[in-house]
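Across the two complexes that follow, subunit A remains constant while its partner is subunit B and subsequently subunit C.
Up next is the complex of A and B:
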């Protein structure tokens, strides 16, 4: 007798339905698995055999042949354990076909018959729903993350025995999410801007960056507050929409980064990889490609502290995913695409020791070190970053605290961001983009016309302030965002003038 | 590092004290070089020269001061002399070249060797428009000992030496010492007492050097009439004047301090500072704003 059980396989973030076909024949007892199953799946024959016995069922004393159809696609993951066990029990007559045909199964088995959570449950569930599956049995540990998916009924199973019971008609209730969508709730957010003393100009630049989706580069002496400023960026970003939440949670699910404590991504991610990170860890990779930091920061912030300390090769590889907002990873067996729609925030000291140009400390770098450090920053990656600001040290912190003028709060900054984003969405409704930073050359001409005063100012600025010619379009885009924050219909000279202030590195490397 | 530059090797000439072209003021010091190797216009070394030197690592303020001294000397037809080292020295040369002034680089190595190598472009410009001078034969590499020796030539060529920024053990102090031994004027730019780059200059002032308070002073002292220079009469708006006034009274401020004191919006201040910088009234570096005039 042959049984057919529904499950799915994962390639990157995409999942396809897989049918586990099981056949029992009168030959020497044993299990063989076909259908390009990976090492993990090959090993599952042992887990399945022991788990079936441990759950109180009889493992058939026959030759078991399992085929994972379609047989041509490579399959990976421990979540095939449960469908294979169900398949064997179904083939040996434990259940009737109508009892399991409507269900799909995901889950890894323990030797004692309990079901362990797996990586990638969310995209698997989405894939199964998309091909029309209505009922899914999955590990209890994955139920919460998958409960975000609409139009599907989930059953959380603890053990193989329980899931068989469920199929045989034992009483069971579909899983209900216990997470309210916690929009805007403060957990997971690393503090608010109210806590930052001084640095109002930097906060202004950050507001602009978030409003227009512009990348941000901060240079400043050690201790000037760069990390503090960066950490608080998610607190002023617009709340995740349902679609965004789904996409972000999918990435974390595939990466195996979800847990009971954090079953879904309800806040904008903030990722701070260490500067010793490898290319594969940053961009994604591995024999079976897993998402890297750039994808884990999808819809959030990727913060590269000590930017020049990153390997040059790694930084250069950021360029394409930044531009395309997704990353294609090709390996011998797999070709996958992960999303990477991020706000890039980088921070750097002025030099290796951190005190170049400080009049209170002696810089101990050699000229060669200085050149090396700078050559890293001035590389082409900076061209992808629209805003470059310098963070002066707050020298008189106590004084600032004493006079008690409150700094701008996260709430008011977020309000400005939301207003500006709304204007952009409305303006670009027919262009397929939603932020000023995404404007291409033609769109820039169409949506950001400059009057003669602005043009003159821009030309003079490029000449007098030593801005690079490439800065031109970036200044206009940033000026557009500033105008949106001011709710001005067209770009005016004060917007251009302010935008030019945020090209400080151009000048730093040209003149001083 | 420091391989001879072929395109310069063919342009090297020599001059000895026996020849008329030998720099006039340099003859008067007690140990003039017996031979000078040079590239460029040797007659510059006999014109009125003022040297400006300082540390290799400098603050943005020091670099600005060096650049402005270079410009000021260039605009008034004075030859700016320095050592083409990184930091202050380079900015003296750059300032002079920017206003099409004349400048002399005195090297501590052969005249066909660029040290530091990052100054290649600057060196070529000086060779074309000014003068490269050295007592070392072509191909001689720089060592720890050659730089202090060349300092006597820098001060020896000049009627006055300005120390822009110097730490306590800076080579610039050696130049100042040589200058005073040679009976030349020594100026130092005074600085904040908590600025480690100003200690050397402030100490010089304590020891009797003249503090350089206004750049024009030096022209008055050597008896030159000030040229009109770059008196731009840029018109400032009301907001611009208010902010410029504040920057002038504070000396060195950040955008935030302007916002707090004048109760203005950071975006507005950023824009106005950009315009002031374009008009040449202020300059900014590492988040700080300085007065430029």
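Up next is the complex of A and C:
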């Protein structure tokens, strides 16, 4: 007798249905698993055998053959334990087909028969729902996380014994989350821009960056406020939409970062990896590919403080995901893609000791050290970052608030951002993009026409600042965003002039 | 017959008596074929049991069951398939057991059921 149990496997953030077929035959007892099952799943043999016995059931005295269909795709994950155990018990007659056929199962088994939470429960449940599964039995530890999925009934299971009991007709209530999760509006947990004294031009650049999705590079002396400015960016980002929240939560689910206490991502992520991070941890990868910081920052901000201290190799590998807004992780036999639609913010000192160019402190770097430090922020990387600003030291007058002018608040900055975002959404409604920074060459020509004065200004800028073609298109995109904040229908010279100010460091680094 | 063989066959006689006492019907002793050999083949309920008997004087060289290595098990499995192919045993569920006997004033018998994985 063959039993067929529904479950799914994960590839990146996508889930595909898998049927666990179990057959018992008259051969020497043992368990064999086919269907390109990973090492973790091969290890399930031991867990399943012990868990079945620990739950008070008799493990069949026959040869158990398990096939994970379809046989040609790779299966990965520890959540196959529960479906396999159910399959074995079903095949040995513990249950009739109509008792389990309408359910799907995911869960890792402990040696005592209890069910442990798994990573990736959210995308697995979404995938199962999308192919028509209406009822899913899953670990109690993943129930909160999966409860945000609509149109599916979840049963939170503590143990294998409890799951069998449920299938055999025991009373059970579907899982309903008791907590109302609010997501979207920034909660200001990282601070607000009211806290930042002075630095109005930096706030302006940050407003432009968030409004159009432009990356930002800040250079400044130690203590000038770069980190403070970066941390507060989430307080002015627009509300997370349902789709964005779901996507970000999926990434955290696959990374194993969710729990019943924190089952979903309610705020735009803000990630600050330390500069000693490895390429695999930043971009994603590892033996079993897991999302990296760049994907954990999806729909949020990735802040690279002390930018030149990051390894050169790691910085070079950022290029492709920045351009394509997704990262492909290739292995010998398969490829996995994780999303990485992020706002990149990088900060650096002018030199290793931090005081080159400061009239109040002595720079203690040798020319060789200066050279080495500068060369880390290579032309190509800097070129790809839309906005470059210098953060000057804050004068004491501002620190002591003697000039009586209140700084820009998060609320007012966010208002400007939302206005500009609305204009972009309406403009690009048929283009499949939502931000000025995403414009390709053809779209740029179409949506950013320039009059003769603008063109003249740009020509001067290209000559004087030595802008590359890529930098040129970035200037136009930034000008478009500045015009949007200004609520101007077309780009004017003042928008171009301001946009060019944000390429000041190109020449600085090239000439050094 | 040397001392070792005498001990082995003595152990086998003890194992046979033990199994019969538990209701097993003995089918064949010392089944030999190209693939390997099996000490005792016995029948109980729905099981066709292929049994390896290991006898020792004491536990000084480790437990007798430890002498049933992966290779030995492979040979037993092959021989069991051979046995089942040449007669009609297909309606029984096969199983490999190990009986370890430690000689002493009273022989200590340990019957390990189903050792295959």
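The rule is simple: the second predicted complex is superposed on the first by the 479 of 512 C-alpha atoms of A that agree within 3 Å, B and C clash if a C-alpha of one lies under 4 Å from a C-alpha of the other, contacts with A are read in each partner's own complex, and residues count from 1 in each chain.
As a working rule, a residue touches a chain if its C-beta (ideal position, glycine included) is under 8 Å from a C-beta of that chain, and two chains touch if they have at least 3 such contacts.
Just so we're clear, the structure is a prediction, and the values are computed from it rather than from any experiment.
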Subunit C versus subunit B on the shared subunit A, clash or fit after superposition: fit
Subunit B versus subunit C as contact partner of A:61, first or second or both or neither: second
Which partner reaches more residues of subunit A (counting touched residues only), subunit B or subunit C: B
Partner chain in contact with A:497 - subunit B first, subunit C second, else both or neither: first
Geometry of the superposed three-chain model: angle at subunit A (Cα centres of subunit B and subunit C, steps of 10 degrees): 130
Partner chain(s) touched by A:29 [first = subunit B, second = subunit C, both, neither]: second
First, second, both or neither for A:391, with subunit B first and subunit C second: first
Touching partner for A:360 - first (subunit B), second (subunit C), both, neither: first
Contacts of A:201 with subunit B and subunit C, given as first, second, both or neither: first
CA minimum distance (subunit B, subunit C), superposed complexes, angstrom: 66
Contacts on subunit A seen with subunit B and repeated with subunit C across the two complexes: none
Touch list for subunit A against partner subunit C, complex: 26-31, 61-62
Subunit A-facing residues of subunit B, complex: 56-61, 63-64, 86, 116, 118, 167, 191-192, 194-198, 254-256, 259-260, 266-275, 277-278, 280, 284-288
Of all residues in subunit C, those that touch subunit A in their complex: 47, 77, 80, 90-96, 114, 116-117
For the subunit A and subunit B complex, residues of the former touching the latter: 198-201, 203-204, 219-221, 224, 350, 356-363, 365, 367, 371, 389-392, 394, 400, 403, 405, 457, 460-461, 464-465, 482, 485-486, 494-495, 497-498, 500-502, 504, 507-508, 512
